[in-house]
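Each of the next two complexes has subunit A plus one more chain, namely subunit B in the first and subunit C in the second.
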Partner chain A sequence: MSDPLIIGGQKLFSRLFLGTGKFPNNKMIPEAVTASGAQVVTIALRRVDPEFPEENIVNFVPKGCILMPNTSGARNAREAVRIARMARAAGCGNWVKIEVIADNRYLLPDNYETIKATEELAADGFVVLPYVSPDLMVARKLAEVGAAAVMPLGAPIGSNRGLQTRELIRILIEEISLPVIVDAGIGRPSQAAEAMEMGAAAVLVNTAIATAGDPVAMARAFGRAVEAGRAAFLAGPGEVQRYARASSPLTGFLRDED
Partner chain B sequence: MKIFLNGKIADFVEGSSIADLVVLKKLNSNYVIVEYNNQIVQKDSWPEIQLKNEDKIEIFQLVGGG
Partner chain C sequence: MSFYKQYQRFKDFDYASFFNRLTDQDIRRIINKNRLSELDYLALLSPRAEKCLEEMAQKAHRLTIQHFGRVILLYTPLYLADYCINSCVYCGFRVQNKFARKKLSLDELESEARVIAGTGLKHILILTGESRKHSPVSYIKECVEILKKYFTSIGIEIYPLEEAEYAELVFAGVDGLTIYQEVYDEQVYSEVHPAGPKRDYRFRLDAPERACRAGIRSVNVGALLGLYDWRTEAFFTGLHANYLQNSYPDVEVSISPPRMRPYPGGAAPRVMVNDKNLVQYMLAFRLFVPRGGISISTRERPELREYLIKLGTTRMSAGSCTAVGGRSGADKSTGQFEISDERDVATMARVIYSHGYQPVYKDWQTI
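So, the complex of A and B:
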């Protein structure tokens, strides 16, 4: 069954977005991308250290993937806009994940600055996917200023703690017409599947895959979990009941009625 | 001549261009993004921009990230 996710005019057939940070080595990245099936891959921008130049990460992203640079390192809207424009100048295309963080302990996003950056970049032709704390009013505002999706966190970045913000994400999915993509905190394929069963449009995973014992195998596991979760959502999960409801007939074997 | 390269003071020969700087620092010109006094400058114009005392150069590259 064809069930594409359409963002920024692009049809996506994989609902797993993959981050490229923290892999044990860059050579593993193309294998992980392929194993996961991801079509959207995030990257970051940093000042060059001329003493220790790094390899160009783009060389490790399979052709045909959509590159989504993030604005990590930005502490306000102005810096996020600057990073986004630089990434576009570097040939990354026009997708951008807005990430504005001024809190070092929990790396929670600054929703207010994120809205400002989203408005400016959407007006400048970017496909903007803002990373936010799940808040309905913020999500509505983001929709109003031209975001292509909203990306609420499940738990703090890199924490592998799963859908701690489950209830707030559920409300966003119910109330917002934009795709809701759960970003950050997903630590296990089961948690990714749960987000998809709830009706999330996609999930973005980095740490859980990159720091797994076998990142490529974990990428594959996440790909399957996301597909399973999406299929379950489309199938319509049965209702939760307080008491047992027999799956087999209880009458008609030895007695007609209890 | 002193310029500010990625926030640090650096010494360069008068009349050097951005292209010269990229070569001198052994950076791959296909991978880096340059801001000259807070403006992004495209690679085509690197040879034409002669650095002046106290110019601010920021050089960036794409890295892994989530």
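So, the complex of A and C:
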């Protein structure tokens, strides 16, 4: 069954977005992309180095993938906007993941600055995917100013702690018409599957894959988990019951009357 | 605010009896904690904790991979000038040392920059001695203008500046500051800095904070190991880094644990700091500030540097030279100290790969 995710006019058949930081060797990136089936790959502009092709991270992203530069290192909206424009000028396309972080302990995003950057870049023709702490009002505002998706964190970046913000993400999925992509904190394939079962449009994974013992095998595992989670969501999982269903129903005596 | 207040809290602390009271159990409990207090960090620097180095190493290794990945950022120092009016007893540039001093002309700087850029490095750290006459802020700015053409991240390791001067350099394109207090103990500080503007302990101590207020992106602090008891010096360095991170959460904070190196005619270290001590310091710091950077320079031996890759290191210098004009060869001057790891950038990169880590040449972009 065809079940594409449409973002910025692009049809995506993989709902796993891949990050490219922290790999022990950039040569693993194309292998991980292929193994996972990911179509959207995020790169930090700070790592892009056109003058050094052998080490330039962009050259390790397989052709045909959608590049999603991120604004890693931006401490406010102004810096995020500048980085996004530099990325576009460097030929990285018009997708951008806004990442505004002014807290080096937990790397939590600054939602307020993120909204400002999103507004400016969306108006400038970018396909903007903002990384945020899950908050309904913020997500509504992002939708209003032209974001293409909302990317709430499941737990702090790199923490591998899974969907600690589950309840807030659930609310976003229910209330926001934009695709909700869970970004950050997903440490295991089972957690990715869980996000997808909840109805997330996609998940973005980096640390859990890049720092695994075998990053390529882990990328494959995540790809399958995301597919399984999505399939389960579409199949409509049964309700969770706290008790066994009574075999002698209380209303079994009622009959349709003629 | 000033870190001086924090320093004073622990200035007269009874370290010996604190260390004596620690049990093995205390150390194990601390290693397993999620967030360490200041005294937890001190406990990990104790003689008692030496027995638990392997456990500390395992955790430090895990934390570093989690937060930084298997990645080592490469940078190199570039000496602009060796004129200096200070008398630091441990330094080859001290005013008493008679040698032909040198300052790079902008043309010479450009040749040096070209040679370094040819290695692929994008992170440069520029250094000078303390001489506002020969290497004023205006000269540093001119140098930054040239270096911007070749490098995407420019750090400075120069004499301490006023906040407005830091702001000027940040505006010009400087994104990182390295400044070592050298020794946190105020008494020893005064002994090893017998003359010159560097005698002002407070002005130096507060320099990283002034740079943070001026909008710098990263600061790197450190104590020169060998000048005084390494455990307390490591403790104050960690407290300083932690203080800066708490006060300026948007700044990337890192430490260096430089050990004293010989220089021509130089004084011997007052205290020996062995490899085991150095490793204990790095591990304790990693557990205390999991996201803090740790920089390991070419002061350390090649084989030791390789072992340290897996023990919390996040940045390494490569292809270093401590003499002014040392790269392009023409008219090289006397070095500040002898380096120990003389491998070039390409070799270091290969070595890092061979340990299953990625050498990163570029991790910032001037914006």
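Throughout what follows, the second predicted complex is superposed on the first by the 236 of 258 C-alpha atoms of A that agree within 3 Å, B and C clash if a C-alpha of one lies under 4 Å from a C-alpha of the other, contacts with A are read in each partner's own complex, and residues count from 1 in each chain.
Here is the rule we go by: a contact is a pair of C-beta atoms (placed from the backbone, for glycine too) under 8 Å apart; a residue touches a chain by one contact, two chains touch by 3 or more.
Just so we're clear, the structure is a prediction, and the values are computed from it rather than from any experiment.
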First, second, both or neither for A:N70, with subunit B first and subunit C second: first
Subunit B versus subunit C as contact partner of A:L204, first or second or both or neither: first
Which of subunit B and subunit C A:T20 touches, first, second, both or neither: first
First (subunit B), second (subunit C), both or neither touched by A:D103: second
Partner chain(s) touched by A:T34 [first = subunit B, second = subunit C, both, neither]: neither
Which of subunit B and subunit C A:V58 touches, first, second, both or neither: first
First, second, both or neither for A:M86, with subunit B first and subunit C second: both
Which superposed partner A:V48 touches (first subunit B, second subunit C, both, neither): both
Contacts on subunit A seen with subunit B and repeated with subunit C across the two complexes: 21-23, 26, 45-49, 86, 158, 207
Subunit C to subunit A touching residues, read off their complex: 65-71, 120, 122, 152, 217, 245, 249-253, 291, 353, 356-358, 360-365, 367
Of all residues in subunit A, those that touch subunit C in their complex: 21-26, 45-49, 52, 55, 73-75, 79, 82-83, 86, 101-105, 107, 158-160, 207, 210-211
Contact set on subunit A toward subunit B in their complex: 19-23, 26, 29, 42-50, 53-54, 56-58, 69-70, 72, 85-87, 89-90, 92, 157-158, 184, 204, 206-207
Interface residues, subunit B side, partner subunit A - complex: 6-7, 25-28, 30-33, 35, 40, 42, 58-66
